[in-house]
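Chains here go by letter, A, B, C, D and E, matching the order in which they are written, and residues are numbered from 1 within each.
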Amino acid sequence: MIQIEKRLREEAKRLLETKEAAVVLAFGRGFDEEHPMPLILRKPSDAEKIVFNEYCTFNMARHLTEFPPGTKIAVAVKAADSRAVTVLIQEGKVKREDLIILGIPVAGMKDFRSGTAIDATTTGPAVNPVLYDILLADLLPEPKDVSPYDVLAEIEAMSPDDRWGFWSAEFSRCIRCYACRKACPLCYCETCFVDQAKPRWSEKSPSASSNMMFHLTRFYHLAGRCIDCGSCSRACPMDIPLYLFHKKVSKECEEMFDQAAGMCVDAKPVMVDFKVEDSDDILL
Amino acid sequence: MSRIGVFVCHCGLNIARTVRVDEVVEFARKLPGVVLAEDYKFVCSTPGQELIQESIEKHRLDRVIVAACSPLMHEKTFRKVIEKSGLNQYMLTIVNIREQCSWVIEDEDKATEKAKAMVNGAVYRARLLAPLAARFIDVNHDALVVGAGITGIQAALELANAGRKVYLVEKGSTIGGHMAQFDKTFPTLDCSACILTPKMDAVLQHPNIELLTYSEVSEVQGFVGNFNVKVRQKARYVDHEKCNGCMACMEKCPGKASSEFDELLSTRKAIYIPFPQAVPQKPIIDRESCTYFLKGKCRLCEKICQQGAIDYEQQDSEISLQVGAIILATGYDLMNTEALKQFGYGSYPGVYHALEIERLFNSTGPTDGKAVMRDGREPASIAILHCIGSRDKNYNEYCSRVCCMYALKFAHLFKEKTSADVYQLYIDMRCFGKNYEEFYHRLLEEDVKFIRGKAARVTDRALSPEEEGKLIVEVEDTLSNKFMRLPVDMVVLAPAMQARRGVEDLSRIFNVSLDKNRFFIERHPKLDPLATHTDGVFIAGACQGPKDIPDCVAQAIGAAAEAITIIGKDKLELEAATAFVNQQICCGCQNCVQVCPYDAPGYLADKGASEINEALCKGCGLCAASCPTGAITARHFANDQFMAELEGLMQY
Amino acid sequence: MITKIGREKLQEFVAGLMKSGRLFAPVKEGKGTNFKLITDPQSVTLDFYNTIQSPKAVLFPQSEDLVNYNISHDGIASEPAPIDDGSRIILGVRPCDVQSFEIMDRLFNGSGIVDPYWSARRSNLTIIAYAFDRADPVDFYNAFGITGSDEQGSDILMVRDTNSFLFKAFTDKGTKLLETMPFLEKGTADDEKRMTEIVDKGRDIATRTLDTAEIHKRLAGIFDSPYWEEAAAACLNCGVCTYVCPTCHCFDIQDETLFGEGSRRKIWDSCMFSDFTLHASGHNPRTKKSQRLRQRINHKFSYYVENFGIISCVGCGRCTRSCPVNIDILTVVEEAR
Amino acid sequence: MENPYIPMPVTVDKIFIEVDTKEIKTFRLAFVNKTDEERFNYRPGQFAELSIYGKGESPIGIASSPTDKGYVEFTVQKAGIVTSELHDLEEGAQIGLRGPLGNSWPLEFLEGKNIVIVGGGFAFTTLRSLANFMLNDEQRSRFGKIVMIYGARTPGLLCYKPELKAWEDRSDMETFVTVDKGDNNWKGREGFVPTVCKQVAPSSENAVAVICGPPVMIRFTLPVFFELGFSKENILTSLEMKMKCGFGKCGRCNVGHKYVCKDGPVFSLAELENLSREY
Amino acid sequence: MSFDPKILGIACNWCTYTGADLAGTTRLHYPHNVRVARVMCSSRINPAFIFRAFVLGADGVLVGGCHPGDCHYSTGNLYARRRLAVTKKILEFAGLEPERFRVAWISASEGNIFAETVREFTEQVRNLGPQTKLAAQKRMLA
C-alpha cells in the first residue's frame, strides 16, 4: 500500500504538472491515520497530501459528477469503483476521453468506522479494476470460487414473513439522513424523487411504510447499475445492511438479463435496454 | 378546491340493472371537490349532453366526470361536449362503470361498491388534472394504399377520383388479387374479369395513382398526417421504363415454372406476366426458373428485346414516400388444405380446392374453361365440402362467410359444364346477402344434392365394388342421423379464408394489432370498423376478416372516405397528452433518450438535461417511468395524477 | 447523599424508573446504541461509550404532529394534536449531551416565541447523567469547559463502579425520583469516597480541545474565504452530522395526507440538504456544498454565539464519528483562519 | 400557552383579481373568532403564514393596512402548491392564518420624515399597506411628504388599480405610475422604474426610501438613490426567503445571525450590507 | 364473511384495457375485486406506483399489457417486462409474498383471458389474506 501511495503521488503530481488533468480525485489524511478523507487535488504541490492505506474505502467515482463537463479528471479507482466509472460513462455523465483512470488493484481494505475487513460479504470480491489507463500496482490474482452473492443465501432461505421481519427491523432504524444515496456514486440526481412535493412519493417523516417506499424505490433505481461497492452501507450511521438488498437486485438482474453492471463501457445498463427474447418467466 | 361535476349514466338498464346509480350519485356528491352529482338515463344522448353543458354553466364546473361506458367508446364525444361549454377537453374523466362493472359483476352490492371506488379514483385524479393545449400539424395530402386486390383498387380509385395522390403498393407483379383468379361471381354470375379489368385499367391510367407493383412496405415512421414510408421494390430484371409490353421475350423463353396464378395447374415461362390481362402489361423474370440465372447462360430474352429492357443486374430498390393516411387492404390467404390430411388434398388427384376450381372454369385457365380433372376426365360425380378449416374449433372458429355461396356457384357451373351429380356437404347454408337466398333456392331447383353434414374424411379405400376407383367421402347426414359413404370422382374443398402469411410483419410495420385469428383489429367492431388504434391507418377488406366482394368494395369506399377526412385537411389536431421535461430537476441520466422508440427526447449537453420533441412524442409515458427524478411529466397521466388515482381507487 | 445499586440489579432500577414516567434509555440498535422509549427493562444497556444519535429526540422527536385534519366535502376539519408532555426520564445521558439541553433551551424556550412542544416536555424532564470513564479520540467537550463527569444541568449524576452504579441527586426532582426507589442502597462513606474518586477521574479525562475565544468573530471574518471550498471538498451533503447532533434543531413543516386524513408535522430537516433553502421560484441562495458546510459551522460557532451567547456545540464528537467521509468538525473550525 | 404553530381560522371574504393574467389575486380574509381578530395586531411590513391543510403554508406579506378594520388582505401570486390552491379558492372558503410575523416598516423611524415609496410589479404588497397606513386621516400628519413610484411590465400587470387612481388624485402625495411597455389603451407613463426615479428625483433631505421589487429593478434603482444622496441607513427594503415556522426556530431563513422571518423581512441597506448574500 | 381483497389493476389502453372492455361487452362475469387504472402503455408504469399501491393498502396488484411484440408503441412492454420483473424481485426480497403481484399479457381480443386472469388472481390474493406489511399504518391516518 505504501507503494501504491507513492505511485499515486507521482502520477497525481505528473498529471497536474503536465496539465493532463485539471483535477485529481484521490485520498488524503483525515483527523488521524485510520480515518482518511476523499482528496480533491488541483495543485501539483498538493500531491504530497495523498495517502493510501487500507481505510481508503471511498469510491471516488462519487465525486466525478461534481465538475463541469469537459473537466479533465484523473480518478483513483479500486475494483468496484472502476465499475462505477464505467456506469457513469455508459450514462453519459462523464466522457471517457475526459478521464484518466488510475487503477488500484488492492485487497484487504477495512471499514474505518468498525475496523472490520471489507470482503465479499459487503462488497464485490474483485480486487482489480475493470477499466483503467494507468495501473498503480501489478494486477492481483482474482479470488476464485467467491461469489458476491453467497452472503444472500441465509436471507433468501427465509420465509416471506421472516424476511419482512428482518427488513422492517432494519429499516425501522432509518433516520432518512440520506447518507446512503449521497455516498452512492450512481445516485447523482440533484433532486431525488423522495424530496419532491408533486407528487409526494413518500412521506418525509420516517415511518415503516415511508422508509420502505424510499428504500425500495432507490433499490429499483440502482437495479442493473449498482456495482456493489458497499459505500451506501458504510455511510449509513444506523448500520442498515443496504448492501444485501443491492446485491440481491444485482444478482437477479444478472440472472435475468445476463449482464453485470459496469463491466463494459459500450454496454447499455439493463434497465434501459431489452431483448426481444427476454423470457416471460422472469415475471413469475 | 376544484369544482367537479359527476354524471352517472344508467345506460338504460345496462348499468342501472346491477349498479345502484342513485347510491353512486349520493356517494359522489359527498366527495371533496365535487359540487354536483347527477344521474341520467343516457348521458351520451343529446339531452344528456345538454345536461352536462347546462351544469357546467350553472354550477361553474371546472372538471367533469362521466361514469358510464368505456372511455374507448365515448371519451371523444364527451370531450367535445365539455369543450363546447368552454372547458378544456382534458378536464374530463371517464369512469367505466359498464364494461368494468355492471356487465361483469352479478352482485348488485359488489358492483355498486366497485363503481363507488372507481368514481372516487376519478375524483382524486380529476382534482389534479390540468388543461392541455391543442397541437396542430400540417397534413400531407397524399395517401398510401397497401394491396391491390379489389379492395385496394377500389380504395385507390376513390381517393384518386377525389383528387388525392395515391400510392398503390402491391406485393405481386400484377394487381387484381384473388378476384382476378375468379371465373364468375355469385350470385349474379357476372364474369369476374369483365367487372374487374376495367378497374385495373383505370388504376393504370389514373393520373393521380402511382402504382408500385412487385413492392412491399418495409418501414413506416411518423404519425397521422405525416407518415414517412419506405417501399422496397423487388428486382424485376426487366426495365419497365423501356419495356413496351410486346411479350416477344415470353414466346422465346425456354424457362418454365408452374403458374401461381393458375394455382399450379398450368405452366408459365420464366419471363412472364401472370395472366393475359395483368396490369401492368409488362413481364418480370423469375430467377428461380430462369435458365440464365440458374445456369449462367441463355440471355435469349435480352437478345430478342428490341427495347433493351432486359437488365439481369437490376437490384431491389427503395423508394421513400410521404403520405398523410394509409389504407391497408392486404387481403387473405386460402387455408393450406394439405394440412388437413383427412380430406386427402395432395394425396388424391381428385381433390381440389376452391381456387383451383375457379381456374378450371376460367376460359383462360389451364383447361381453357373445361371442367375436367387432372387426368383429363370429366367427373361424373362431385362432392363440394363446406367449412374446411372454418367453423372448426381445431382450426378456425369463425365462419369464412363466402364458401356457401361460391359452393352454390360451383354447383351451378358444374351443372352447366358437365352432367355430373353434384353434392353439397354443408353444416348450415349461410346465404345472408342480397339475392343470396334466392340463388340458393335456384340451386335447389337445379338438381344439386344437399347433404347436411360436415364431411369427416375422404378416402380411396373402397368397401364395395361401386366405390372402386372412386373417392369416398364419409359424412354423417345430420338430418337423417345416418352415416354415409359417398363415392364421387371429384372432391372440392371450400377452405377457410385466413389472415395472410407474414401479417405479423405488417402488424409491426403499421402498428396495427392483430386479433386472435391474426386479422387486423378495428378500433370498434360496430362503430369504427375501418379505423385502427393507430391514427391515420385504416383497414378494409379481407385483412380485417373474411368477407365477400360487395363488402370489400363497400369497406374500400368507406376507408377512402375516412382517409380523406384526414388528408383533406390542411392541419390536424394532435393528441396533446405528450411528455415534457422539467429541466430544473432533470439529472441528465439520459434514460429517456435511451428508451424512446420515437427518438423524441434529446440530451442538451450545455444544460445537462433532456428535452422532448413533442412533435415526435406519442404520449406512451415510457420515458416518464424511466425518469428516476420524476422530471418527466407524461401529460394527462402525470405522476401526481396517477398516484392520486391510485389513492382514490384504494381508499374504499 | 449517595445511593447505589448493584450492576446485576440494573433491571430492577430501570423498572423502578419506569414507574415515575416515560423512560428513555440506551438500547442496543444495529452495531450501536440509541436512546429509546423503554417498554422492557431488559433492553436497557449501560455498556456503551455514547449513543449514535443524541438524546434530543426525547424532547424534539424527528417527526411530531402539530395538527390533525380531515378533508371532506364540507371543508377541512382540524384540531391541534395534543402535546405529549407527560413526565419523562432520560437515563444515561453523557455530561456533554446534558449541556445540549441548556443550549437548545435558549432557542426553544428562552427567546421570543416559545416552542410549546419543547417547553412542555422540558419542564417535565428528569435527566440522569452518566459520567464518562474514558475518552474517545474525536470528542472535544473540554473545549467548552465540560468535563467527563460534570453534573451541571442534570438532576442526578450516575457513575459506574466496578460492581455497582452510584447516584447522586443535584436537584429536588432528582432527589424525589431516587426516593421513589426504596430498593436503592444507601451509600456508605466508602461509596461517597468512591464517587468522589470516580468523578475526579472523570474530570481529568482529557479530550481534544479548541480555543473558543472570539471564535464567532474569527468565523465571520473568513466568510468569503476560499477555505470553505477546501473544507467541504469531501462533503457528500448527506444529513448525518445534523441528524446525530444534539444541538442541530432545523426543521421543516409538512402536511402529510392519506385518504383525506392527515397531519401537519414538524420534521427534522438539515441545512446540508440542497433543497433546504430552495425557493418555490427555483432560486436557491445556497447552491454549493461549501456554502452549506459554512452555514452549519457558522450557525453553531458564530451566529448562535451572537444570538444566544453560547456555542451551539458540546463536543460530543458524533458528527465526526458518523461522517461517511471523516470530516471532523473540530478540524474544520480549527483550520478556519 | 399560545401555540404559535396553530393557525387561526379565517374566511375568504372577497377575492380581487389584480392582473389580467389572473396570476395575482388579493384575498380579503375575515376572522372567524373575534378574539383572533383582536389578537392579530399588525404593523405595515409584517407578514403571515396562510395555511391550507393538506397543502401547507405560505408566508405572504400583509397587503392591507392596520387602519382597515374587520379584515386583513393578502396579495398572492400563483407559484407553488399552496398559492395555486389559494388561487383555486372561492369566496366563503375557510383557510388558516398564522401571524402576524416578522418586524415591520419602522414606523417610529419614518415618523416626521419624507417617504419615497418605490415598488415594482407584484412586490408592492407591503408598500401598499404602508401607503394606506400613512394616508390614513389619523396617521397622515405623522409623516412628511409622500412620493410614490410604482411600475409594472405592462398595464395589465399593475396591482391595486383603483387605489393607484385614487392616489394619483390625492393632493397630499405625489404618485407616479409607470409601465415598461404600454398598450393601445395606456395613457400613462412609460419607462422603467429606475428611469422614472431619476426623472422624479425625490429629494434625500430628511427622506427615507422604501423599495421593493424584482432583483433587477432593485439593482438599477439603488444607484439612482445613492446619487440623490440617500444614505444606506435611509433605504429600506423587504427580503423574500424560504420560511417555515416564521418565528426563528426552524432555521431555514437564517442568514448570518439574522432570521429573516423574525429579524426581518424589513432591513435597511446598511443592515443588509453586514449580512452575507445568502438570500 | 371471508376476506374480500382489494386489488389494483393497471391496464394499458390498447390491449388489456380493450380486452377488459371485450370481457364486458361479452358479459363475462368475474370478481369485483380488481379496480383498474388505465395507462397508455404498460411502460408508463413506474415501479414506485406498484410500491405505492401496496403502501395504500392494496392486497394485490395486477398489471396488464400487450403481448411482447404487439406493443402499440412497439417496444414499450419489452422495457416494462424488465422493470416489472425487477419490481417483483424487490418486493419478494423485501418479504412481500410475490403472489400478490402479477403481470399478464392480455390482448384486445382476449376478453376471456382477462376475466380468467382476474378470477385466478383474486382467488390467489384471497388465499394470502390481507396485505399488512407495506400498507401505511393507521397511525398515518391521525
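Simple rule for what comes next: a residue touches a chain if its C-beta (ideal position, glycine included) is under 8 Å from a C-beta of that chain, and two chains touch if they have at least 3 such contacts.
All figures in this text were calculated on a predicted structure; none of them were measured in a lab.
Steps from subunit B to subunit C, minimised over paths through touching chains, total 1.
Nearest to the common centre of all protein CA atoms is the CA centroid of chain E.
Relative to the C-alpha centre of subunit E, the farthest chain centre belongs to D.
Centre to centre, using the average C-alpha position, subunit A and subunit B are separated by 53 Å. Subunit C and subunit E have CA centres that are 46 Å apart.
One simple way to say how far apart two chains are is to compare their mean CA positions; for subunit B and subunit E this gives 30 Å. Between the Cα centres of subunit B and subunit D there is a gap of 67 Å. Subunit E has residues 47, 52, 56, 69, 75, 79, 83, 136, 140 in contact with two or more other chains.
Touching of two or more other chains is recorded for residues 93 of subunit D.
Shown for subunit C are the residues in touch with two or more other chains, namely 69, 71, 252, 254, 256, 258-259, 262. The residues of subunit A lying in touch with subunit B in their complex are 69, 91-93, 188-193, 196, 198-199, 201, 221, 268, 271-273. Those residues of subunit C lying in contact with subunit B across their complex are 71-73, 258-260, 282.
Here subunit C touches subunit D in the complex through residues 66-67, 69, 71, 75-76, 78, 80, 83, 107-108, 111-116, 119-120, 223, 249-255, 257, 262, 264, 266, 269, 271, 276-281, 285-286, 291, 295, 298-299, 302-303, 306-307, going by the rule given at the top. Within the complex formed with subunit C, the residues of subunit A that make contact are 30-32, 35-40, 58, 62, 112-114, 173, 175-179, 181-183, 190-191, 195, 200, 203-207, 231, 234-235, 237-240. Chain contact summary for the complex, subunit E toward subunit B: residues 6, 8, 13-15, 17-18, 20-21, 23-25, 27-32, 35-41, 43-47, 49, 52-53, 56-58, 66, 69-70, 72-76, 79, 83, 107-110, 115.
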